[in-house]
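Here the chain labels run A, B, C and D in written order, and each chain numbers its own residues starting at 1.
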Amino acid sequence: MIKACVVGATGYTGVELVRLLSRHPEVVIVGITSNNYAGREYDDLYPSLKGYFSMKCDELNVKELIKKSDVIFTALPSGHALEFAGEIISSGKKLIDLGADFRFDDPLVYEKWYGKPFKLHEGVRRVYGLPEIYRKKIKNANVIGNPGCYPTSAILALAPCLKYGLILTEDIIIDSKSGVSGAGHSLTLGNLYAECNESTKAYGVANHRHTPEIEQELGKICGKEIKVTFTPHLVPMTRGILSTIYCNLKEDISVKEVREAYVDFYKGEFFVKLLEEGRFPRTKDTYGSNHCHIGLAYDEHTGKLIIISAIDNLMKGASGQAVQNMNILFDFPEYMGLDFPAIYP
Amino acid sequence: MIKACVVGATGYTGVELVRLLSRHPEVVIVGITSNNYAGREYDDLYPSLKGYFSMKCDELNVKELIKKSDVIFTALPSGHALEFAGEIISSGKKLIDLGADFRFDDPLVYEKWYGKPFKLHEGVRRVYGLPEIYRKKIKNANVIGNPGCYPTSAILALAPCLKYGLILTEDIIIDSKSGVSGAGHSLTLGNLYAECNESTKAYGVANHRHTPEIEQELGKICGKEIKVTFTPHLVPMTRGILSTIYCNLKEDISVKEVREAYVDFYKGEFFVKLLEEGRFPRTKDTYGSNHCHIGLAYDEHTGKLIIISAIDNLMKGASGQAVQNMNILFDFPEYMGLDFPAIYP
Amino acid sequence: MIKACVVGATGYTGVELVRLLSRHPEVVIVGITSNNYAGREYDDLYPSLKGYFSMKCDELNVKELIKKSDVIFTALPSGHALEFAGEIISSGKKLIDLGADFRFDDPLVYEKWYGKPFKLHEGVRRVYGLPEIYRKKIKNANVIGNPGCYPTSAILALAPCLKYGLILTEDIIIDSKSGVSGAGHSLTLGNLYAECNESTKAYGVANHRHTPEIEQELGKICGKEIKVTFTPHLVPMTRGILSTIYCNLKEDISVKEVREAYVDFYKGEFFVKLLEEGRFPRTKDTYGSNHCHIGLAYDEHTGKLIIISAIDNLMKGASGQAVQNMNILFDFPEYMGLDFPAIYP
Amino acid sequence: MIKACVVGATGYTGVELVRLLSRHPEVVIVGITSNNYAGREYDDLYPSLKGYFSMKCDELNVKELIKKSDVIFTALPSGHALEFAGEIISSGKKLIDLGADFRFDDPLVYEKWYGKPFKLHEGVRRVYGLPEIYRKKIKNANVIGNPGCYPTSAILALAPCLKYGLILTEDIIIDSKSGVSGAGHSLTLGNLYAECNESTKAYGVANHRHTPEIEQELGKICGKEIKVTFTPHLVPMTRGILSTIYCNLKEDISVKEVREAYVDFYKGEFFVKLLEEGRFPRTKDTYGSNHCHIGLAYDEHTGKLIIISAIDNLMKGASGQAVQNMNILFDFPEYMGLDFPAIYP
């Protein structure tokens, strides 16, 4: 049994983490903190957890958290986790950050897109926490930069193609459709029911900050700098991301080879499922689960390869993946506490 | 480990059963049947189950099913389970029926509302499968009439009041709001997205066949014949039933006594949660779980007691409750395979 | 042509007013004010109106508004309209208030439920603006207290029964289901998409402030004090209120007489439609329109009369009704600018 | 006043036509036909129209319809309208077909994608009914092939760019998101509420039959054969199409020039609205209206021009456009009966 605490436990990724950790056979939650709800009972705030988890929200006190935990999850606005990291690491504990603070290799990219100074503390062994790509490095890290939701859906969809050099690295287009919970618990007009319901719109067009994250990781997979056009959309659902990706198959590559590459790349991966020819993923089939479904099509008349992936943005796109990373860090079976299918219908 | 099969596995209650049984630590699914999809791979029909359950749908062959199973779940139109029951029971196996065939004490009531002749085969020890009320009888039964979704939400809400004689038995009004999955997988105009979305309506007004089921059970709890006014509504959501119940508190009873009665009645019940004073349930907080949340209010200026309950119609209202019944029948811990909270948000 | 202005034009009832008034053949909008968006172009805030209405939002300046308008619509928090009324009336202009300030006959009721002191300025001829009941008085009023959304749905449903003395005045239960836009444009957690979607809940149980408004009006219709049990619910849709009302038919009254009473009472009313026997209203069939649909059922086995009404909460429940009142005040045909059916599907 | 009839009046495009025509100041509906509902009262089937339109559905009798109408709208499965056309035209009446029968210049394309033989009757002067492109030809036509919903959204978005030669004609990608009503009133599993709600998916990937329609029209605009990659998606809403289009700006073209081209191309067009820089359309802002909103962005780091358009699939994408075409055919103001904004929120 390990001891975990969740900093920023009352946002949507926080409450999803608590749901997962409270049921994890090898974890005890020893602390939860909340800026807005300190002093409140957690299952009073989130009655869905009645009978599963009960604890008062604390104000943040990093030293105390470090003392009592083996691993600290942070679900905070940019910059905060970066601050705590040194103290956590120097005391030998692990940090899994669900924000963007530890996702970037190049400090300048982080500073440009997130507007905060970046400085890694000594002793930090940081890794981009996408297990299907970096499993080994995750094992040896002490700080996990848990991937963004859109990047997870895009990188898992494109990795085999780029790894095996099946597509051109130019002109990759990622058109993503997300449920509203990705925008979090925050009180903005755009998150109101009456604004989102019966509406679809694009946002962050040509300048969403998940773009550099996607580009960094795709670039590392194919070994060269890469640029993508990424457009996120809001659709009227609570959870789920569907990414439809358009790219150019190399001339001498057949669709059959593409399919074989995906089979090979994801062989043995519990959380990634390649759908049969002619079948395409629905976000509903990943709702509440840590799975990623991928479908492939080739448009013969334009030469485009179309890759479609579906995830639950709060699970594989955030808290589920964070728990998967924790499992790797602590040598638990990777699927532990995560081996359940989507809720359907 | 016991062996289970699901007859009628491709409706919404069927697929929910398969989701639960496929993850149950003491169950192996040995057979699934489907009228419409015989010969089809189950996880091809329901890709949410990829990696969890894979089996071909069979046509229904009762003898074979009996041979290979310890328990048979039926999720079929009225009349079919009644037919098989004799054969199943005489071979010493158990039957859990999610339809209405075994819910009624009085054959004439069944025949009136379901239009089928009713005849119980010899050896059948039937029980109305609401564990919080009939736990002991369930243990000794061999056929379970799994309750309807609306009745579950209404009976759990009213049982303490009626058991302890706190309310008048006249003028009970049950106004229920249900998600659309309760109407099942069936291709009717009223189930289309474009018809249900952005719409609320009542249906089956003054003649829904869950009325006699509710009345039978409430009557048994309070020891006298009882009549209720029950109006079901469709609201635009997939899962969930909220029942708002209006009744008259007896003159000498205080609200405090009512609350204490509920605490007492549901003491030790894992699946029923009484909310604090001033808090009322949301269906969202039971989504995908086997829990029932109950809230209480007293309208001083009219003397009405208002009881509100929320369940997931496919879980505590159907398949979750069926598994709970199975756990009791086979002496497993009652919460086994069902001890997970709702998906929120 | 008359000149109108809208005070508080950027909430949901405000924008619905602007949509209606901008298309009204006898109205010019001469001013719109907004607390939060003063200085902003209206069709930049609400792009749905591009091509129909363009004007900058002003800060509120009552004197100026009075100078340039014939009628002032106020869609403001409680207490504000009450303040302006004197000035507006003494200058001979008309005031239509979409808030609660002018709905109550008894100042103490207003003060108790809205927490503001109540004082009517001299010269104010106030009326409760429900045209189907008070058409004549509206013609002669100078201040309209436009009814609340729930009260509109409840009073229209119950008026014929109470007017003609067909039901007992005790034990009336009003169970209402509302879309989320009724809660307005306000940034509260409960209005977030991720909180409302896939959820139904009751709120304001036993203490919603539309209760005294309903009771006042029903009482006036039947000529005696009346008490009702009213429970509002939020269902996951943007617009629409469905009210399901339970009451006791007097012993000597037949259902046929009830139906005839409704036909008679609403004879010639363009906005109220009585549905055929066995048909019940859907909110969808009133979406975006100023109509109220009413259905009737009698539960023989309990003796309850069940009346179900559907309206669009922003139209007949707020802004549509306000325009209907304006039409009466200014001798336009009552349906002018409002004679369009619901958007279906 | 002209006389119109609607053949296939009970599908979603049919009922939308009836809603529009019943309110059109220059139209009388003289006949409606329905395969499934002949003999039924229309406002009994569609209670939203109570008070606006009342007529019995007839079985189809072409001769009679021709006799009594000036214009016939057909909303039927492929092949039927083609059959009637000769008879209608030779009697001097007009035909507006909402299906695909008259959309294609090349009979082989129609036959390939719709599987029906194509033969134009003598005297037919057919035109692709997109008024913003073919206004003059529409005036002189006697048969209108009303455009598909996706093609309308794509062609309006791309026309200025292609007309003025601002983009490369290769590598155009059209990613469209549609509400469910586009799939019509048909009873298929995929149209059920429980299947669509909380789910987004692609369908018809790389082989949707709106692809050749889009390619034909874009090709004619730019004067050369053109191929596009088109992927439609279903999102959980009733109405609306958002098309996100990716293309390559020619090297010497600035974004400013692109914007000016759109301003110029759509100058004086009532139904097409270009949004300001940095603003992007929401389907909600076109809900129930005949408008198309267009937004533009340039992704500097990849050189892609991103064009986003929103329409209501049943209005500008079907029935609204059909009425617009009728207005042109009969010399009514083009906006007659269509000049109302979207319902918001």
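FYI, a contact is a pair of C-beta atoms (placed from the backbone, for glycine too) under 8 Å apart; a residue touches a chain by one contact, two chains touch by 3 or more.
These numbers were taken from a predicted model, which means no experiment stands behind them.
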item: Which listed pair, A-B, B-D or A-D, duplicates the contacts of C-D in over half of its pairs; value: A-B
item: Pair with more cross-chain C-beta pairs in contact, given B-C and A-C; value: B-C
item: For subunit A paired with subunit C, centre-to-centre distance based on mean C-alpha positions, whole Å; value: 46
item: Euclidean distance of C-alpha centroids - subunit A vs subunit B, Å; value: 36
item: Approximate Å spacing (C-alpha centroids) for the pair subunit B, subunit C; value: 39
item: Residues of subunit C engaged with two or more neighbouring chains; value: 12, 179, 181, 194-195, 197-198, 236-239, 281-282, 284, 287, 345
item: Residues on subunit C engaged by subunit D in the complex (per definition of touch); value: 12, 15, 19, 22-23, 44, 46-52, 181, 197-198, 238-239, 270, 273, 275-276, 279, 281-282, 284-289, 291, 293, 339-345
item: Subunit D - residues contacting subunit A, complex; value: 171, 173, 175, 177, 179, 194-195, 197-203, 205-206, 227-229, 231, 233, 235-240, 242, 244, 246, 280-284, 287, 295, 297-302, 304, 306, 308, 310, 345
item: Touch list for subunit A against partner subunit C, complex; value: 12, 179-181, 185, 187-189, 191-198, 236-238
